[in-house]
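Two complexes are shown next, each including subunit A; its partner changes from subunit B in the first to subunit C in the second.
Let's turn to the complex of A and B:
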């Protein structure tokens, strides 16, 4: 599937994000690897706090302070053109973010640099979970959409206005001229999310990041928004990175699924593989905890035992081992599992010792040196060269 | 918008009427009258004041009328622009108040402009550089500014000005200009006397407003729409000034009316310390000597100022936040 750099829009490698707080450093992402192919919908699922939203914000470079990217790369490839990087990185201080394959390493760009701002909104757009609060209450919906258009596409205010109204029509707003002059508080939640989508798509981005866009909406509106996104995806030809914790939404919308747990990608596969052939114990538990129609009435819903450990402590070995039903003592709690590529018709990787030969992966110094070693010593240990080579195979 | 303003104006008139009523009633509650002091003064001069004389004067001035009658006398006079006569200063109230009110208004509005002009940029800086050394320094200065009593600050500034800078403080003019006709030099002299009390009055509310601005803006910066603006590719400076500050100004504008009230009372204290002829100073004097007509007129005029301040803040709020018009 990953034929080359031109086929992927964003390729995330060994991404690490830390939040230094007064209680200690929270390592939100510990080496995240994945690619987003052009024109596909990638679902990212996982419990709250597993790093889904942080990953999305890292790609946009809008991580909230004091969080920052501490390692890895986010390579962005603009469609087709070789000169794309030069065009985006016109400022001299942005030049070192250009990568050898003609892409842009977002992780190397300053969050407020001209290069990053040229990508944000124009190349990669984002919509958020809370439609009630994601529009500025003191400006009209139209002017907020126009702002994005004026920033990236045209200097002509009249044209921007027309384009904004047109965009509102495209997302299925009734009477778009009137909506453009209304304030956010005059619209319902579903309408606001449509307006957000209109704003995000107004500059025809190559990638749309949707951070739980339907979580705050009722099911009817959710279905409408999902079908709208599906239609617009094929119309505009963009990729979507869809963050959710609803497996139902994943099944409806996504081509590929990434399962995250505690700042790591534990399983990546096509949507069929995830549902019919899940490998990682965490993915399996996640799927078993979905309520089903037709289940026995008295049957209890399965839950994943335990809860996510507190973010300040770091677990040695596989971070899922305290909750894992297939826990192997001496292996899972000492060695960080490498990403293993499974045989099959589609790309399917999993990070679990159940599927790796001879306990592939690096022993975690945390386990051998004891907790006294602290966090600093392990910075390099998590990086998995084996994972990268497995992908190329 | 027009309906909104008209309705607010109607409320404002009602408020002023109610305030004048209550103010008059409360002043009249206290025992004694302005004449008590007048008699004491006459006696001190050695004059013989007989009971009949007292009675005659009380009757002449209507001292023993019920307060509601006096109120009506005062209000109907007020409607014709006649505010009565001051017992204490022996001059018509309108003449007494005129120049003082101008000075008070100049000081209070001057202070509010200074406070806003400093508080907004400093508050924005503080909120966007939270938990850095400059922020800590600003925070310490703010706390000192809020905590220090105005009279103490006024005294401290006066002492410093006289001792180290050799400036003349107190009063409105230097002695040489006291009775001189108006000229540029006289005006300049007045300004040089006024900036110090103005600064003292402004300190407290500047510190307070900076605190409010910092807290508000910090809240707003955590809002989703700020991230939306960033995600659109809006430059950070514009994210803050266009998207965040306008939403953070909201509570600041709302407190405009109350800030004005605090400034007026602060102005009274500072004016007494600096010996400035303002309404605040006159108000305290006339209240002590129970010069009812002056005190009630002053209170009513100050409440008019407050009501106008609130009216301005209401209109400004409706202008910066479209949600206000709907909820009202």
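Let's turn to the complex of A and C:
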């Protein structure tokens, strides 16, 4: 799928994340594969519990305990030279995270290691859904941006201050000098999100991870933030990994799209392919269930039958099979579909038995031990909200 | 201020509540000059130092059996309007006339306790957050039975039967009555909230962002359920939402609010494809289209919503309006009828230039439909079960 390591900034392979709880293990990610190309906006869509936020947190190594990465790799390639990896991994205990292609395997780094701290914030930055909870209410906006600059870039306080004001100007804040001395509660939702973006970009990261940054905002403010991110991407030349549940936002901003369902990537393609030539039954169903302006309004909306199974249920075969309109008995409920690259000029991959030639994929051991689990799962409510929120986080 | 609101009020009563009245389109609810002001207190003595005019002279009517949507940005007063109509917030002023089949026209705003007790069952509400609106210590059965118990409608076996019937009505199972809310997903909880709202056979249901907290696939299920119940039980909805694509799907008429006032109201088709207020135009343009070949090039609206504690002079929208003229900052435009060939249409807008401006309507997606299942050829190639 890759055109070589230089074109991808982060390459995620077979990533697995588990949350051991007293009620059982929640497998938040079940072998996730994708690449983030340099200078592109990649969208990750899916419903709650699909693992989109966990993926982002795994890349930043900020998964909440007791969750941990149990398998796979997250290879990070810094801009330019191969010496970059050596620079980031100066400590001896971080050395084994270096990869053969000159990158850094984030999955091998300890969350508190020097190498990870050098990457987090400076090389990969993240913004969150709730700007009010991610900003510290007792410090001014300016001092919070300065903190990041002082940590990663310079020791000169005056310079950091000037740089912070400059960042605020760059994200389109009116009167940045005054905003720098304001506290978060004095700003509106849209302004707070701009301040968060300014903070994230203050160290010129190579990758910005945005976890539902516009979900709490009004459409008009959302349009402003999306336009700002588009401008900043071309100005700074960074990559953006944009996590959202809104198909509208994906269509407006992203270059490439990853669709996730229950801890697996089910489809990836260019944004045009996803909207005009969707292949996976889940992607189709999602697109059919959103109300579109101008569509025949008296008609009923399409629904995906059932609901998302609770996180403790482990479904054999393809995890979408109990809700799938194309369900094939004996195949979908027993064999985990492999990722298939579709023929054509674009790199469009889909994880569905409809498109695999000879049922390739691994037979699921679960299929034999708990054959009845699949049927019940559709109707099961989220029995444990605590675990559900752990998944969401 | 006072002058303009009286102007609006007379304007409205002259025009017959803004909708052509016919036999089947009788208004169920008429709201005139509704106000809800919150005091801002400060200083040592907690003296009133200002007011937030959350709702400031709202005029609208809801016809029996229809869905009226109220849209606007956060802080525009749409939820407060809904709550004030049910007197969950005590209105500061105005008239809320509810046309009851037994009691006739009742002014909810000034009704006494006895009248309110008789009117309340006819007006119910569904809340946004399905996780906060259900008491986690009550079984689902008790949650749904509560309105029936409080109003002494049913008891004993009849009550249990009614609860079971309501659960089935909203797509759940009778045995769910003994479970607690935490055992249900967001969509199922919203169904429980709906069952509670329809328990007393209400006429009007205020739906305050009922699907905003739900995942898309579940959102469609709940919208379909609400439409289904409306046609079967003859419900009237007041649908408060910020999601214009959901609003276009579900509503018959739409009211757009901005800083505590209605700036435009009309049928869904008129409002979406022939908007007469620049704010409506901006809202419609800002909807993120689920179509990558239809990307928004210009940001439709800059800046933030003004604070309802210190709104600007004249038309509240003039600070952000791309078409603003000097008169806009001086005079408040009343909500006026938009006339087509000299005839009233029921479409009203509060803009000085609504007749002159040529405003853009909603952008229609070029994606017609997405095929439901994989095409036959591909399916045939795959192994059959």
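We adopt the following convention: the second predicted complex is superposed on the first by the 367 of 393 C-alpha atoms of A that agree within 3 Å, B and C clash if a C-alpha of one lies under 4 Å from a C-alpha of the other, contacts with A are read in each partner's own complex, and residues count from 1 in each chain.
In this text, a contact is a pair of C-beta atoms (placed from the backbone, for glycine too) under 8 Å apart; a residue touches a chain by one contact, two chains touch by 3 or more.
These numbers come from a predicted model, not from an experiment.
Chemist: Could you classify subunit B and subunit C on subunit A, in the superposed arrangement, as clash or fit?
Modeler: After superposition on subunit A, which the two structures share, subunit B sits beside subunit C with no clash.
Chemist: Which of the two partners, first being subunit B and second being subunit C, lies in contact with A:70: first, second, both, or neither?
Modeler: neither
Chemist: May I ask you to decide whether A:279 touches subunit B, subunit C, both, or neither, giving the answer as first, second, both or neither?
Modeler: Once the two structures are laid over each other on A, A:279 reaches subunit C alone.
Chemist: For A:159, decide between first (touching subunit B), second (touching subunit C), both and neither.
Modeler: neither
Chemist: Have a look at where A:99 lands relative to subunit B and subunit C in the superposition and call it first, second, both or neither.
Modeler: Once the two structures are laid over each other on A, A:99 reaches no partner at all.
Chemist: Just to be sure I read the superposition right, which of the two partners does A:293 touch: subunit B = first, subunit C = second, or both, or neither?
Modeler: second
Chemist: Looking at subunit A, does subunit B or subunit C touch a larger number of its residues?
Modeler: Answer, by number of touched residues of subunit A: C.
Chemist: Quick one: classify A:47 as touching subunit B (first), subunit C (second), both or neither.
Modeler: Once the two structures are laid over each other on A, A:47 reaches subunit C alone.
Chemist: After superposition on the shared chain, which partner residues are touched by A:121: those of subunit B (first), subunit C (second), both, or neither?
Modeler: Only subunit B is touched by A:121; subunit C is not.
Chemist: So after superposition, what is the minimum Cα distance from subunit B to subunit C, given in Å?
Modeler: It comes out at 7 Å between the closest C-alpha atoms.
Chemist: Which residues of subunit A are in contact with subunit B in one complex and with subunit C in the other?
Modeler: none
Chemist: Mind listing the subunit A positions that touch subunit C in their complex?
Modeler: On the subunit A side, the touching residues are 47-48, 188-191, 218-224, 226-227, 245-252, 254, 271-272, 274-276, 278-279, 281, 284-295, 297, 300-304, 307-308, 325-326, 328-331, 353-356, 359, 381-383, 385.
Chemist: Quick check: in the complex, which residue numbers of subunit B touch subunit A?
Modeler: That would be residues 222-225, 227-236, 243, 246-247, 320-323, 326 of subunit B.
Chemist: So in the complex, which bits of subunit C are touching subunit A?
Modeler: Within the complex, subunit C touches subunit A at residues 73-74, 131, 182-188, 215-221, 223-224, 227, 242, 244-246, 248-249, 268, 272, 282-283, 285-296, 299-302, 304-305, 362-365, 367-374, 378-379, 382-385.
Chemist: Please give the residue numbers of subunit A that touch subunit B in the complex, ascending.
Modeler: 60, 62, 64, 112, 117-122, 125-126, 128, 130, 133-138, 147-148, 151-152, 183, 185-186, 196, 199-200
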